[in-house]
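Chain lettering (A, B and C) follows the sequence in which the chains are written, and residue indices restart at 1 in each chain.
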Amino acid sequence: MGYLEGIAISASINIVCICGLVILTGYIGLFSMGHASFMCIGAYAAAILTKYYSFPFIIALLIGGAIAALSSLIIGVPTLRGKMSADCFAIATLGFGEAVRIIMSNISHPYFGGARGMSGIPAYMNLGWALALAFVSIVLTLNYARSQHGKLALAIRDHQDASELIGINIFREKIKCLMYSAFFCGIGGGMMAHYYTYMVPNVFNATISNNLLTSVVLGGVSSVTGPAMGTAILTFLPEVLRFLSNWRLAIYGLVMVLIMRMRPEGLLAHKEIHQPIVQLVRFIRSRTVRSTDSGRG
Amino acid sequence: MKKFLAIVLVVLMACSFAACGNNSDSGNGDSAKTDGDPIVIGFLGWSSGPDSLYGLVPQYLLTDYFKQVNMDGGWLGRQIDFRTYDVSGLGGDFSEAVNATNKLIQAGVDIIIGPSNSTQSTAVAEICNREGILHIPSGSSAIVTVDENGKTRPWTFRAGPENSDYLINIANYAYHELNNPKIAVLYETTQIDCVNMRDTFVNTLEDLGGTFVGEATYQIDDQEFRAQLRSLAEKNPDYIFMPAMGYKEIGYVANQLKELGYADKIKLLTISTADNKDLLALAGPALEGCVFNTTADMSSPRFTEITKQYYDNHGASGMALHVDGLVSFNEAKLVEYAINTAGSTDPEAMRKALEEAKEIDLITCPVRGYDEQHNLLGFQYNVVTVKNGQFVSLGEYAAPAK
Amino acid sequence: MDMFLQQLVTGISIGSVYALLAVGYALVFSVFNFSNFGFGPVMMLGTFSAFYAIPLLHLPLLPSILLAMVVAGLISFLMELTVYRPMRKKKTLKLYLMIAGLGINTFIPNAAIQIFGGGVHPFPSDWARATIQLNTIAVPRSDILAAVLSLVMLAALWLFLYKTRTGLGIRASSLDTDTAGLMGINVNFVAMIVFLLSGAAAGLAGCFYGMKYSVFPNMGAIASKGFVASTIGGLGSLAGAVISGLLLGFLETMIAAYGSSTYRDLIAYALLVIVLIFMPRGILGKGMQDKL
């Protein structure tokens, strides 16, 4: 498999994971430091289904995502019901992430393999699948963000008390966003398992969760394509910086700081990549319509 | 509307590929290789992050070595293009190792050496065996050279002893030479290598009829072990066996045993990770009586030259020369043997050369070629203890045959 | 009983490091409402300054700890000056400040590995490493020093915050930074003091960490425990930070000793989450509305 192809697949996997987090962080304003755990759950579920039960790839992915979404209720229901602050929620997810990693490392069932992980997962993942899934995730998330659900989420983020007063069920909306984000992380995890064909629980550690969070924020809140672009950049950046040799990660951190310093709103806050083009098209269309109108008149 | 979105995304993807492609060594190197072209050797090492000393020290050694080889005219009249890649990643996952491997293969690499950690080596081995590229990792667990179906990976050859070999040796030493002491185990549960080493050790000890009194665990990056040590001490072990991946943990445990006042009763039993002068600085007095086995006696004249050169060139780096670094250095010797024996960099010829090797003089010791699982035969184990704050060799030890 | 007392000493000893780190987080949080994720590197650089000062300048232990606190304080302030203040001026969301902090957290330790090397070193003080034997319980001197200096530091901090005009300004800013600015409090001056103080706490914690364990470029990773403790303690509450720091150390030790060392983190986090469910604002948190 080619080098660029490999990075493109990694970037697509990260984009799928990000799509869920965009709603959780960018829209409803909760941030998570443990979403790698949902990737882990999705990855194991999907890999076990394809490896031992010969499920079709896409169905295994969807079931993996669904199991991840259900498991998010374990942490979501107790923490989101009260008025826990966003920071406390972050700590709770951090704990959940650690818990999943520790449990997965210590399951002795042969399907899971404990700390030794799973190998020999069928290599179903290729560039076509990766790009298609990333594309579908972005479109779905754009639609979700524009729908009633996305608007409610924004309302809760900006004015939680006011939105409660006008009768929004805050708990339900928050849980919905959390499950949505866990679902996509689960799918992303499944994709990862079928790309590397080998995985260990240690891969899904707190750093991965932080990278996911960083991508969302770097891309800009209240945007879907911004974080998707941010993720692509953050996936490619360490590879682009390879010429720096051992200073690579130091410079990577510095670039992150500089981006935040130059664009403290993120790359595309409250905007989408395609907006200028859509506006341009609308503009041209309105001009042509007007000119034909005037021609008629 | 949707169409535009699609177009924009595709354009964006294409742009980012192009941007990255310019920076990478594009072009397929395999097709047009002539005799005048340099030999491309890629090294994957853990060169940043908390355990950077396990990647940086081999990287320094290998870089110096290949520089010397090039000054002496290279191999087969060709210069060596030695490329080092950091694969530690941002969180210890193996995506970095996979990306670096793909990049090297695309750049027409002849041989890939490293890394030393089993999780990453396995991921790299999967790719190299798919692509038919010679891969020489150092040390680590069996899964690197043998896949999950028990089949030997044809393109992966180990450069150091397999972990279980090490562990059988030290377990036998403990049982036979330390007079069957009571042993407790303290190990890390989240890393493959640690769990495998613990299993091999405990199984060997139980087969021998040794006394295994209890175990406790820790997590990656832990620094506080007093709770576990105090609990283990209740079981009155003579030795605590610790298959640690980094010397830091061994130092902490030694210091904390001493703080708790157990240092006289309970000694540490560990592996080659401890063979590092920096550990003596970290926990010298507390290590008194600690026993471990290693593949090379660092004090032997065999290493005088290497040691002197390392400290002359890299003493300022603040990292001591360690045995794991020397084992990684073996990789260069294996590459040299494969290329010179094959007489070319034809992958199949080099693979054959290694498979049929009989005598290779490595950095750490001479070996007698590979067995059917691509493990090197003929490693000697040297048992070392700490006396008066110094490493003292107790001589070579070989486990009695079953 | 001996075993329990010994574990208690261990728990308090590690807890005091968490508590100091948590106080550093809480100081910044109380005024600026965000967690400074660049806190680990501050601690690491402060400790390295003492690590180099002792053999090179032949400084005794206490002055070198002071030096570490000063250096850490200055670095923390430098971070505020170059990264956080310009971002705050643009009224950015607090999440962005935290991500900038994560960037710092990647940048400085990795640069430090290239500069200082990746080795793990002992803190160059033999005095601190000796232990005192109380009956059957062993107490390392560094722990006693840690306890005493932490108390001194916290007392000084309390006096400063509650008995001086500057302290009053800081407390006013912590209620509402913008209004405090309108009332004539120099917010930039308050920021300087707060970052200097939180850096000093990190420097002190780093020295204890170095004495108890070791000095190495990635030692700042321990600061994440401080973050957990400061959040559980109630965001921005200093007393809460101290209590929950000690609690976290105590829980970790007791679970590892009497429960399962494998599932230690799992059980510790589960207990903390249960605390959060019953006290959603943290142990001593104020009922403030917090936004993203």
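Couple of notes before you dig in:
One rule holds in what follows: a residue touches a chain if its C-beta (ideal position, glycine included) is under 8 Å from a C-beta of that chain, and two chains touch if they have at least 3 such contacts.
Nothing here was measured: the structure is a model prediction, and the numbers come from that model.
Shared contact partners of chain B and chain C, listed by label: A. Most remote from chain A, judged by the distance between CA-atom centroids, is B.
Note on chain placement: the centre of chain A and the centre of chain B lie 34 Å apart, centres being C-alpha means.
Taking each chain's centre as the mean of its C-alpha atoms, chain A lies 31 Å from chain C. Counting partner chains per residue, chain B has residues 48-49, 56, 90, 189, 219 touching two or more of them.
For chain C, residues touching at least two other chains, in rising order: 106, 110, 113, 262, 265. Across the assembly, chain A contributes residues 102, 106, 206, 246, 249-250, 252 that each touch 2 or more other chains. In the complex of the two chains, the chain C residues touching chain A come out as 35, 83, 86-87, 90, 92-93, 95-96, 98-100, 102-108, 110-111, 113-114, 224, 228, 231-232, 235, 262-263, 265-266, 269-270, 272-273, 276-277, 280-282, 285, 289-292.
Those residues of chain A whose C-beta lies close enough to touch chain C in the complex are 25, 29, 31, 75, 78-79, 82-88, 90-92, 94-96, 98-99, 102-103, 106, 157-158, 160-161, 206, 210, 213-214, 217-218, 221, 246-247, 249-257, 259-261, 264-266. Residues of chain B that touch chain A in their complex: 1-2, 4-6, 8-9, 12-13, 16-17, 19-21, 23-24, 47-49, 56, 59, 84-86, 88-96, 98-100, 102-103, 105-106, 119, 122-123, 126-127, 130, 143, 147-149, 189-192, 194-196, 219-220.
For chain C in complex with chain B, the residues that touch the partner chain are 3, 6-7, 10-11, 14, 106, 110, 113, 116-122, 129, 131, 133, 138, 140, 209, 212-214, 216, 218, 221-222, 252-254, 256-258, 261-262, 264-265.
Interface residues of chain A, counted against chain B in their complex, comprise 1-8, 10-11, 101-102, 105-106, 114-117, 119-120, 131, 135, 138-139, 142, 196-198, 200-203, 205-208, 211, 225, 229, 232-233, 236, 238-240, 242-243, 245-246, 248-250, 252, 273-274, 277-278, 281.
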